[in-house]
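Each chain gets a letter, A, B, C, D, E and F, in the order it is written, and its residues are counted from 1.
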């Protein structure tokens, strides 16, 4: 359903246009007949992008039939057949690269996310993404993070107000910054404040933040700080404020995920599932006629 | 100059819209005054995207001044200041993430490319990219490959005709495929044929290919095959044909680049500079007022 | 700053194109010289849209100078001069209608909102808008509501999850609906549940809703229900949940705003500031040459 | 047929994108099954927008079936069922608000127009709209005026040349203005001149205007002026000119429509059907399974 | 002023994108310095498109200076210098072809139109264009016709209703067709009826047509028919109808223009100024440095 | 297949929007029933654009059926029926002009090309187009040239690097220009150099050009020059360079095509098939009901 959206159609059209340009020169080499092909995984991983693949092929030629053999978020192994495709040979070739590129990219993110998430297994702590996403692919990459078992942080600058280091450096005061933001933000929007020190984190709770991004804190510091912040937040409920505070660690080296999870925080946000992922390798192979 | 193109402006607008959405909620926290900031590298690497960064900031607010302190393709070290930026605080924050995302992504590709290219140093063999590029970013990622010292292969389906495994499986014959392609392709377009075996490579030369993609050949096989193919090609010039053949290896593990370079081929094409790159990490930091 | 957004530029271009079409036929009647004009209010009201007016004129012709004499959200009286404008006569005429139309429409919303908001003065209860906005003008109409003293509810389907009557009718259960939504929604997103009865409202608190839309409740019922729901929510904090609940009344006749405000709710959401507003009347008048 | 136009499709896509944004968060709460719903009127009025409603749902999901139970321009009463709709629950919810918003807005205009038109019944005088339309919705709002029994004035700046107060203030002379306009306007385009005084109206006829907009004239003045202008126009036919003149009153308070209709004018143009309309209220209700 | 329109900017961007594609490969051969060039006519003709040429260059690079040495609609002779241009060499080359193409095409139309118009000199009969225009260039080609001394017929399907042979074949009757059209067309829109026979022309006048397209009539027939139609139309004014009728001949061989002009018709419409025009030849030449 | 491309759909939508504008006013005159029509040639020629015609009608209304009776590149004679069409009368009329305009324009180019190509029959020399194409129609006009028997030169600035007179005037040297271009151009891209003199042509071969555009050379000069250039090019193969050179004449008067073809060149490039073509005339005629 995420893909049933006019914006996605326009995006796919722009991708196809990017590759096809003024027309596929190799098209003349191909017969006008319908042919069959398979997509084969060339390594292990976690799959993402099946519905998009369908859309890519069908935006070019809606007579193409794609039969998905794997579901979103499922793992696959090398040599596994992921999907079958049938249609005019010229259309299959013209859309092939675009479809493979997006699926390989998104499955790479799902695969990477899945590795990180497995380290948090049993801790109850979630792994969230960030706004470090490839320009043009925000909602798709965030979807891939979900396919890999992660959760999404805010989607853009307009759904949650995060006041970060630079905001606080340029604003009159944290208090003023929060107050002005509350005035114009839609009421359901949370305000999250980035803290670099324990004092800043405390100040953030006092000023009514809904969440705190604890950036590059040592685990030992967090062990002590987290309960204090929660207690302080609870006291806000007496004055009708939000007694709950969401505590989020960032700047965490992927190898330390488990250590941070044990500090009592709610979640870890990391750009690594996206910015440190590799594409997984898929290949489209013609199916021999019987 | 590559960026002086209406298409780039539209692309940047779509990136800004993707992040800003219905408006930056944190904007209210910021003063209307002009401020200064720096971009700092948080690791070593090869830079790419400076002109794009300027454009991203200026498409949002053309009063922003960006002063680049590093050139395209130059290396940087951790903590190096890459650029200075000055403008309205609200505008800097609204465009920050988009500008950083594209520069970190492209510089990641330039950095990765540079590593691979360094292994080919002195061999005279070039490293070329492929059409495995992130949808929406084809010309920018290919530009980043050049910043890292690589060269570009064809830009899309419309500038060079490549007849690959699937084409040949579905076409009547390689001969027929080449003939039909020549008929409709613009005359300056080269025809490249993908070969999986020595026989196919030989057949490709005979049929007049301008280049051959030698996919997953063993280095030893190439040592023998390459001179034979060149000799065969040279004989074509007697009949007015193209006596030159460009020989390109693909499916090469990055660690074997040097070994392949020594087989006499002209170039190695690889998706790894793009598909196996990580983002490099840059940070935008406020500049203390004096 | 809300208007410094490539999306706004595109929107304005589409409005200008809508009116100008294949070219302003009256343009030939006009001299090429620069002229001056004023915008005059023809009734009392609350102003909104000054920056947009500037943008409309400048997207057509960036040599036009607009001098705003009134700020966003300020009141004006009949015959008050709102702005001065100077530029080529042909450009002023070509953009006039588009600029007036948007400013008259938005100021109409600000004016209507202001009337409703004045009835809530001193109650501490806020007036929020809804998603009933004119297609194509969502962020602008919501901005106009803010200019009139109201606050914004969610901006779209993607920033807050609201489970309404139809959702609950089609979902397996409210519990299931909340659970599935939490799984895929970004973590900062609130979940709001629409309740038609006290039992539904209670169930919504138990299921962890962050807010409840109390639709078409009698004020007397709310007087009793509101404290119960707050108490119940507070008890959630023991299990680490959100102890705070935002209670919002809807389906309120504008004449009963004050009565509802006294029931202890946090806010009243209403489409009336937008759907029952009239345009206020402005006129652009040539300024006599001295 | 007015809606069978690629421009309409693009417009609808932009509306859907405006509401859905980065994806409907409530979608996860809904089953994948197909469901049924009804649209119910919550007040009396005149209907407009049925074909658009179909298009809105079908641009999102072309498997949705919409069965209209009322025709364009027909009246409905409170609680009347306007249409039935069947399709995947996620799609119905994602498009619901957009479809309702446009239909409620346009039906509000049709309803308001119908009220004004009824006052002109039997007079033979028509009620025409103006260019005061909500930016982005020109042709739809003008269509709604027709549904309500009104007629359309010019659609934009490019189909009819109207020389208004500002034109005449800035032009060398009315004569010159008409002459220059005739030179470049397509020959079938009419020239209409706005007159504020009887002298101006007379001058306009002499200069060959095809129509005159009599702005804010007293009814008594019109009673005398109208026949004089018609006589003067008739005399133009001797010199091969257009002997007919269309006389249009504007600046008429809606309550005086009948009085103005009796002055002998041809039509009254008014922005009120659009700028003073309210949305009518429709609701989409789930249909109980049998 | 016709070119001060967001639609024109978008059109020009699409043209530049069409030629530049993924980037001008020859750009690397050029210095980054600013250079000067001239446009020289390589044949005689009538000029059109100067403002567009400026826009094309400036949409690519707004630092380019274009100095027009000839006005719209002026004639030029072979070897005449038409304009001077100065700017970065890379930008001049990237926009050169697009700018030349549109100017050569439009000047070709102006030149052709001018030839036809000169045959009508002194007759008082105008030469009008038709809707046979190159897709995507309607308003520009119609502008070129005006530069050549012609006038414009309707600009599209939406500004004037023309009922042609096919309409009448499919409609119930001409009377019904006119009646239904009047109902929905904006009141200032004229209705023109295409007639193939004298009887049809007569019927058209009776049914209240504002203009008649007399298609492929013999001049002798027109000599007799024209005064009859005018007389019949004059009689309509008694019943308050339009006493004037515009009579337009079509299907006229360009060599017979004068003959037709003498039949008493008002204008001749012809697609030939556009569909039978050739491009005139301009060349951009570097200016030697002093 | 060239037309199975999202870019083509967008182009067609923009054409339809250009003609239909705010709605076809004549639509009301037409019945809602389905009707049949024919396209008839009104002169002899070579056909081009059948698939596009289908797309134009189906983008407006996908219930329209188009039955092509002639293939691309086939000749037709006056009065020949080219296609049958069936669908709702309102849709047929709304798309008619757009469909006819593109087919008449492209068939005009195919017809003109065919005439030129016939003069080269038997010579083995090909006729190629240039980048002088109508803005917005590049790939379609180049397709029409192929329908007429010509071949395509480069499609844009990005697929082949051509260094022309202005490049060489502004570059440091031809050698430097070639070197810099090779550095950034994709490796399969050819470099073509425009030569005005025999010395320049020789220099171009020495500098490694893949092709030479011999501009405005006398046939006698070419007779001598061509073999020398080929010999010189052959000698390049000793140093691993491209031994083949493609020699192309330009600036050839169409009447001299044969004379130039006899000089030993490979091809003649000319803008005349496009810039000197006329539209051929087609008419859409209703089909009488039986």
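To be clear about the criterion, a residue touches a chain if its C-beta (ideal position, glycine included) is under 8 Å from a C-beta of that chain, and two chains touch if they have at least 3 such contacts.
If you're wondering where the values come from, they're calculated on a predicted model, not measured in any experiment.
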Chain F and chain B - chains in contact with each: A, C, D, E
Most distant chain from chain E by Cα centroid: A
Centre distance in Å when chain B and chain D are each reduced to the mean of their C-alpha atoms: 52
Centre-to-centre distance between chain D and chain C (centres being mean Cα positions), rounded to whole Å: 24
Cα-centroid distance, chain A relative to chain D, in whole angstrom: 45
Shared-contact residues (touching 2 or more other chains) in chain A: 14, 20-24, 27, 94, 138, 155-156, 158-160, 184-186, 189
Chain F residues touching chain D - in the complex, by the definition given at the top: 12-14, 16-17, 20-24, 27, 59-61, 90-91, 94
Chain C partner contacts - residues on chain A that touch it in the complex: 126, 128, 146, 151-155, 158-160, 184-190, 192, 210-211, 234, 237, 240-244, 246, 267
Chain B-touching residues of chain A, taken from the complex the two chains share: 11, 14-15, 18-31, 33, 35, 37, 89, 92-94, 96-98, 100-102, 104-105, 108, 131-138, 155-167, 169-172, 176-178, 180-181, 183-186, 189, 271, 275-276, 278-279, 284-286
Residues on chain E engaged by chain A in the complex (per definition of touch): 21-22
Interface residues, chain F side, partner chain A - complex: 1-2, 4-7, 9-10, 138-139, 155-156
